[in-house]
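Right, one structure below, let's go through it.
So that you can tell them apart, the chains are marked A, B, C, D, E and F in the order they are listed, and the count of residues begins at 1 in each.
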Amino acid sequence: MPTESEMFEKGFQNRKAVLGAAHVETSWENADDFNRPAQRLVTEYCWGEVWGDTTLPFRTRSLINLAMLTAMNQHHELAVHVKGALNNGVTPQEIQAVLLQAMVYCGAPAALAAFRTTSIAIKEWHAQQDAGRLPESK
Amino acid sequence: MPTESEMFEKGFQNRKAVLGAAHVETSWENADDFNRPAQRLVTEYCWGEVWGDTTLPFRTRSLINLAMLTAMNQHHELAVHVKGALNNGVTPQEIQAVLLQAMVYCGAPAALAAFRTTSIAIKEWHAQQDAGRLPESK
Amino acid sequence: MPTESEMFEKGFQNRKAVLGAAHVETSWENADDFNRPAQRLVTEYCWGEVWGDTTLPFRTRSLINLAMLTAMNQHHELAVHVKGALNNGVTPQEIQAVLLQAMVYCGAPAALAAFRTTSIAIKEWHAQQDAGRLPESK
Amino acid sequence: MPTESEMFEKGFQNRKAVLGAAHVETSWENADDFNRPAQRLVTEYCWGEVWGDTTLPFRTRSLINLAMLTAMNQHHELAVHVKGALNNGVTPQEIQAVLLQAMVYCGAPAALAAFRTTSIAIKEWHAQQDAGRLPESK
Amino acid sequence: MPTESEMFEKGFQNRKAVLGAAHVETSWENADDFNRPAQRLVTEYCWGEVWGDTTLPFRTRSLINLAMLTAMNQHHELAVHVKGALNNGVTPQEIQAVLLQAMVYCGAPAALAAFRTTSIAIKEWHAQQDAGRLPESK
Amino acid sequence: MPTESEMFEKGFQNRKAVLGAAHVETSWENADDFNRPAQRLVTEYCWGEVWGDTTLPFRTRSLINLAMLTAMNQHHELAVHVKGALNNGVTPQEIQAVLLQAMVYCGAPAALAAFRTTSIAIKEWHAQQDAGRLPESK
């Protein structure tokens, strides 16, 4: 992995801390020439500049992201950040509370769509956790 | 003021706690037949159901609202909730951090517009605080 | 089913009247702890407060919903409300007219996406109607 | 006024019927080279193709437009179409009902913003009606 | 195919020039009564009025469309117009540059979603090109 | 002006080249502690990373920005970028063509709003050009 800049390094660490090291390393390695500049910009700009600013803790940034992604109907990223939120120690009850807040501010259809995406993502996250806890031996 | 329901009462208290009692009472009294049902629904559902749910503290709900209102370009409500956030103990640095997070997730134009609205609202809030601290005597 | 409130009861009746009793009862029974509060809020707030207000007939509320859901690109709810509109006596020609109106006001891509969702939903509704009319005997 | 096409003529008549002949003729005459092609396209496609399709009556098209314009936060056009709706025989109570429906589907901030725009537009429409009913003589 | 109007004819030619004659003719023939008026309006209005205006070359109109479709999250049309852009001589590098510009102006989630759609569309376009170049003989 | 980074420097030069040196230097100097980090991020990422990528010429980037800003209803930035587009050699006829393209893809209300903002911005730009050409002497 080429070291692009200090900000990229900082972002890459934050991204791995929130989304899981294996997942992030694989997706960076799998990026092709068409997608790599976008991956680099996101790593620097989202994960370095923003998540690297300690004014707000990761838990709070997760809640804010879930709210904005619901408001903008960005369901791929919502699923990614639901798992990130759980990694950051956000509880399913807190995620539910964010989505209910979104229901009255962003409208019922946007919130119901987010509930569908989020239910699945929470179940996937639990399955991944359970798989991770399985004994390696047979 | 007619007591509409328990949920309305709960919402009315929360609304006054966040936005200031005098402001909320005046705007309820000034509502006409055309606007009153909307004011009632907002009081019950936003301020009663959502803000009345203690899963998230007021400070966190404020940060989430600033993020969603920026994402949806709702500048009238953004100004209202910037002042509410400051009343809830959110610092200008934390508001700034939310808007910078919005910049990378919602785009630069949405965030820059929110910075303009927010700068003015923070100054107005400080002016109102200073006015409130003036000695009553002459 | 726990009786939550009068408004919930009113909403639950309206929801069944528009979307079909069997469908609504099943989805309420299948709601889990994560989704139930959202289902309750939607039932009270959308189906009780709004659909329970007789200022506009159900047919008109259906047309308005199709327009708003197209404008907001909410395709899951659009499919649900296309079927509800047909249950409310809206004709496919009227649905088409709403979507063509949306084309010039919301842009061609939003309307074309709504046409795709709606075409499928109308066909599904007809298939369900046909299935419901089949003789039980053999 | 150059006759552009049959569809333009049909649209121009519909536009005048809904928004008022004097208003529409003045704004067409005042269009400059930069704006005229947009005015022509809107007259042909919105007012000719869409409003010229009799599947839905003008009253219903007005309600649908108010809903879509609220959903999209298009406040200039919302004010224009509130006045058009009143010209088409829609009552303020029906407009209120559309905006309350928008509140739960599009979110409270979008609906509250629409209530502000609409309140002003209804008052302006009444003032114009009163002015129009004044005796010409002195 | 019924000749609807001169503008329709002009639009139909432009649509075929950008999206491929076989594709456009098939989709027009397959349109049913429900979809045909929308297809006609799009052909006249998008492809006749707009693409028929020579102020901007097709290549530039393609870049503008990719940007707007990304901003509005219209992924079905985005995939269609990525292929149209390649047909118009736009390079993958230029498409990438548009999406990176969208990243900072529309936000990272909108741009990342567009990158996913676009990557697939570019691969499909290349596969279609390769298939078209295959020798007919065996 | 503190030199923040090479990318900031590159962005600051591009920003001045498009929007005018005096305007950009004044607004950077006037930024306060609340707004400065946003100004820095915009300068680095929008004007450095994106506008600094030579895959697309400035003229084309201007057209793309006008389209995206119209699609997102970002009128403050739209006015700024209309003037930038004229500085980059885009003609009013080309701007008109972009807005007419936006009319069919983003809907008539979004485009009509953009026409109002753009008309004013073009007149202001011409007034500034005329003022700049006035003889200093009297």
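In this section, a contact is a pair of C-beta atoms (placed from the backbone, for glycine too) under 8 Å apart; a residue touches a chain by one contact, two chains touch by 3 or more.
Everything numeric in this text was worked out from a predicted model, so none of it was measured.
Colleague: With centres defined by CA atoms only, which chain is the most remote from chain D?
Modeller: A
Colleague: Quick check for you: after a Cα superposition of chain D on chain F, what is the rotation angle, between 0 and 180°, in steps of 5?
Modeller: Result for this pair is 120 degrees.
Colleague: Note whether the interface between chain C and chain D is symmetric in residue numbering, meaning over half of all numbers used appear on both sides, and answer same or different.
Modeller: same
Colleague: Between chain A and chain C, what is the separation of their C-alpha centroids in Å?
Modeller: It comes to 32 Å between the two C-alpha centres.
Colleague: Hey, what residues on chain B touch two or more of the other chains?
Modeller: 41, 45-46, 49, 69, 72-73, 96, 100, 103-110, in rising order.
Colleague: Chain contact topology under the given definition, line, ring, star, complete or other?
Modeller: Shape = complete; every chain linked to every other.
Colleague: For chain E, which residues are in contact with chain D within the complex?
Modeller: Against chain D, chain E makes touches at 41, 45, 49.
Colleague: Please output the residues of chain D touching chain B within their complex, sorted ascending.
Modeller: Touching chain B from chain D are residues 73, 92, 96, 99-100, 103-104, 107-113, 115-116, 118-119, 122.
Colleague: What residues of chain A sit close enough to touch chain D in their complex?
Modeller: Counting only chain A, the residues touching chain D are 104-110.
Colleague: State the interface residues of chain F toward chain E in the complex, per the touch definition above.
Modeller: Residues in contact with chain E: 45-46, 49-50, 53, 55-56, 60-61, 63-65, 67-72, 93-94, 96-98, 100-106.
Colleague: Along chain D, where are the residues that touch chain F in the complex?
Modeller: Residue list for chain D touching chain F: 32, 34-35, 37-38, 41-42, 45-46, 69, 72-74, 76-77.
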